[in-house]
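In order of appearance the chains are A, B and C, and numbering begins at 1 in each one.
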Amino acid sequence: MSTGVSSPGRAQVREKTLRQDNWWVYPLLTFLGFTAFVVYSTWRAFSGDNYYSTPYLSPFYSPCLATACVDGSSDLGQPVGDWWRLSPALIILVFPLGFRLTCYYYRKAYYRSFWLSPPACAVAEPHGKYTGETRLPLILQNIHRYFWVAAVLVGAVLTFDTILAFRNEDGEWGHMGLGTLIFLANIIFIWLYTLGCHSCRHIVGGRLRHFSKHPVRYKMWGFVSKLNAKHGTYAWLSLFSVAIADLYVYLLATDTINDLRFF
Amino acid sequence: MGYDLKMRIWRGDADGGDLGDFTVAVEEGEVVLDAIHRIQATQAGDLAVRWNCKAGKCGSCSAEVNGRPRLMCMTRLSDFEESETITVTPVRTFPVIRDLVTDVSYNYEKAKQVPAFAPTPRDPDGKRRMMQEDVERGQEFRKCIECFLCQDVCHVIRDHEDNKPAFAGPRFFLRYAELDMHPLDTNDRRKLAQEAAGIGMCNITKCCTEVCPENIHITDNAIIPMKERVADRKYDPVVWLGSKIFRRGDPAARTEV
Amino acid sequence: MDSTGSRHPMTGNRMDPAEEVGPHGFETHEYDVVVIGAGGAGLRAAIAAHDAGARVAIVCKSLLGKAHTVMAEGGIAAAMGNVYADDNWQVHFRDTMRGGKMLNNWRMAQLHAQEAPERVLELEEWGALFDRTKDGLISQRDFGGHRYARLAHVGDRTGLEMIRTLQQRAVALGIDVFMECTVTKVFRDGGRVSGAFGYWRETGRFVVFSTPSVVLATGGIGKSYQVTSNSWEYTGDGHALAMRTGASLINMEFVQFHPTGMVWPPSVKGILVTESVRGDGGILRNSEGERFMFNYIPEYFKSETADTIEEAEGWYEDKKKNRRPPELLPRDEVARAINSEIKAGRGSPHGGVFLDIASRRSAEFIRRRLPSMYHQFKELADVDITAEPMEVGPTCHYVMGGVEVDADTEQSLVEGLYAAGEVAGGMHGSNRLGGNSLSDLLVFGRRAGHNAAYNAQKLSGNRPEVPEDEVKAAAEAALAPFANLEGEGGENPYTIQKDLQEVMQRLVGIIRKEDELRESLVEIERLKERAKHLRVEGHRQYNPGWHLALDLANMLVVSECIAKAALERQESRGGHTRDDFPGPDPEWGAKNLVLTLDGESVQLKHQPLPTMPDELKPLFEEA
């Protein structure tokens, strides 16, 4: 490469990087973590099976909108109808997937670990040309805010699912099992992640020029800013929790385990 | 307490150079710049290095210590093992002049391209009023000491010399954000931030934030909000429509520059 | 600038192998005003000169925006009355004169107090973001020697805000900046300034400026001392340039030792700990835990200083009912007190005293009000100032003395040679109050720039000539350190600098004695002799050894001035304390010591102080 740090005029050093710390750990772990999730979620999303076990509906399949959805799983009805032949997860998953794909934290994580652009700070990237997010398809990252709106709606549905999880197998209220706890943890992480979104921070108050003229929005902005500071952490926690919630439902639906009921 | 420190220091100029070995006596509590100064005073009087305040306030002594962009005056020797060899090179994104001194004119050129602050008129009593909460965001960005380490680490130009004309770098996104968030400014610089400064080139991989010696949250508080502001103008029909309907006749409206 | 050859995009420096040959044998530029120094005063002067229609160049030793002004922490003193409506220029004027022990040039102190508020508002106009009061006005903080909370500030990084604002303004106006370019000579044509000579640090090549007005804004002399808060640039260049051009210096015996510099670890010894720590509630204790400042209240400030802890504590809440704590006495008093405590064996483990804010204010308050102090101690000394006290001791901080100038125009004895900021003398008398430095830069920077532009304008084509032979002589002088290459031995400039710092620290420090001062003059003479045999290695391109060799001549002459004046003044006043003459003497209080250069030798004479007009005198009559 004649471009980059070996460009003419710059101080020439033989070593590729002089960094002596374990800079490759973060991109490697990120790579492994994401890859594992993608493999798992692809399998689960396409399987179209074992996603409901009363009263738990897997978050991958919620809301379940096709006629093919199993009994009891379609609390919002089945408006898509029977022409949809694929797994019903695919109808809805595009929204949370789009939200996370365009998320500012995930972008950092996958640009670094999958594109190696850059793999770590002051470690050269292997590409000869770079245009950032100025062209298709990456210019679409700019519509993150719309995915955020969709993510809020999906979050509302998952909250509803979590409320429904306070029923027993006969549909009676006031009961709890291990699944309820997992769903509860999941929805908390999902909201911490969704409300800490950079676009959300912009919409609630960041776009203002005078906080002093909008005290309520300023407060909200302050709250979102606090969540936003840990956006990366919540991105991972909610990713794990949603996979665990789905896995739990899968294990119940396949009768591998029984739900541990508390009362 | 004191010990002999082994160092490798890059010496040379635009025509070439190499890492040279030095051994220098150092004391407890010293920083990399102290070791460099001692080498300069006792072993290599012409070792070129930029520095001024030696207290992390002026941002002159930027270099790369063991491959990481750092201020030499704020890099303590106690962060390293006594047996460890410390390698110091000039910043690698800008052309080298001599030894540890580089030509950072890129940054001064980019500074010229940001249109100046254009405030609203003063209040009738000759003073200006701004509330603390309205200036706080800008104050964070104005902590910048212009060490240009964020510019050095930014892979957009570090790894791609050809991007330099079209990209202003993190330090200047900070400046755009500061002005755009200023309660009294009347210029709208969002178009420039996108087109002249190339904010779309940034892929928010956050190295600028990692190396900032002032701990400014460059990415989260300046670049991303600026990207969102650019999106308001360019990629969001709802906001665009809203601004056409509601903003007409707003006396504090901004003029696009 | 011309288009031939490859030019450095930042500095305008010629990069191709052939040296540019202008009318004077070197690269030559013509301007109406050349400002030397790009700190607060230099930038403000350049902006003012530009606004007055002049073609202006700023020439500075470092990159733009790195000047020592960035180190200023506390704030800009200006009687805006935003926090205390009773504040006005008369009170500020009075505080300044009393802080300087009445040795100030009264007219400068008056102009300074009157014009500072507008200069601060101007900064805001150019984008500065000061901390605000509840009403949205510029907030003002307490500082030593100021009766009211008066310092406009941004946390504890006010200097950075100021320099960045001025820098951005200068860039917006398109003013030419010659960065990393050092001026070694100012030329005269007859009695008038005609130009300047310098070298590009980057290439070592020479450059000639043809200009009828030169503004010196080069800052101070602190690098002549071992323990200093000043950067490498502070080698007294402007002081020396002025003397060699035929101008005079005054008040050079008054050197301010800031009471609170870091004392540990050794590598940061001298780095400033802002007075805001005390303004915001910090107190000083000795190793016995005693709040010792109550033992050091001088007669002169008794009426305005609290003498009990209760009253001092009450002051933070109610400034009308209570007098100020003794920790906020002017800097000379506090520095001397700390010095005495350490000498009496009541110092801290690393030879300082304790500055404690941790036990008095919440961690959140400290981090918000003093962010860079927090950062500085955390990073450099492993001390968490929200949890433990700091160790501090006096550090050479500022020189009150400087080029003697006309109070209204800032012109020196030489027509066309102006000085503003720390390099100018008179404004602060024998001791400067904290916060008065930044306002000084703005007020007199602007005045100097304005008058320098006017000076160029009134010539209308009748420009003075740069003398050909002096250009040659300047080039030869600059290359002299390379000439000794063949000779055996030769002196290392770093060693001489170190020895000079040791002499000044030991013999011309906070407390002075006749025999020590005499010894210092002998030592300086010896160093001057050694400096004639300097030898630098390497070539002219960015060679710090060579740069130091050239700066060294300035440091030596300025050090001699300080020692000579200190020996002559047989009294103690402000920043000049004589062990053998412990009190102030009214006779000495009525005169300045003026220093000039005759060939190589420093001449000294007494000169009566300008007299204050009667209408200002009542300000000093109240109790």
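As a convention for this text, contacts are C-beta pairs under 8 Å (C-beta built on N, C-alpha and C of every residue); 3 or more make two chains touch, one makes a residue touch a chain.
Note that the coordinates shown come from a computational prediction; the quantities given were computed from them, not determined experimentally.
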Chain closest to the middle, measuring from C-alpha centroids that were averaged per chain: B
Most remote chain, CA-based centroid, reference being chain C: A
Whole-Å separation of chain centres (CA-atom averages), chain B against chain C: 27
Chain centre separation in whole Å, for chain C relative to chain A (CA means): 56
Distance from the mean Cα position of chain B to that of chain A, given in whole angstrom: 32
Touching two or more other chains - residue numbers and ranges from chain B: 131, 182
Numbers and ranges of chain A residues touching at least 2 other chains: 212
Chain C residues counted as touching two or more neighbouring chains: 136
Interface residues, chain C side, partner chain B - complex: 8-11, 62-68, 70-71, 80, 121, 124-127, 129-132, 135-138, 154-155, 157, 160-161, 164, 168-169, 171-172, 179, 202, 231-233, 264-268, 271-272, 371-372, 375-376, 379-381, 492-495, 498, 536-539, 541-546
Chain A - residues contacting chain B, complex: 3-5, 7-13, 17-21, 104, 107-108, 111-112, 117-118, 121-122, 124-125, 127, 129-134, 138-139, 142-145, 198-199, 201-202, 206-207, 209-212, 218, 228-229
Contact set on chain B toward chain C in their complex: 13, 27-31, 34, 40-42, 44-60, 74, 76, 97-99, 101, 103-105, 108-109, 111-112, 116-117, 119, 122, 126-132, 135, 138-139, 142-146, 179, 182, 215
In the complex with chain A, residue positions of chain B that touch it: 10, 12, 14, 16-17, 19, 64, 66-69, 87, 89-90, 92-96, 102, 131, 133-134, 152-153, 155-156, 158-163, 181-183, 198, 200-207, 210-211, 220, 224-225, 227-232, 234-236, 252
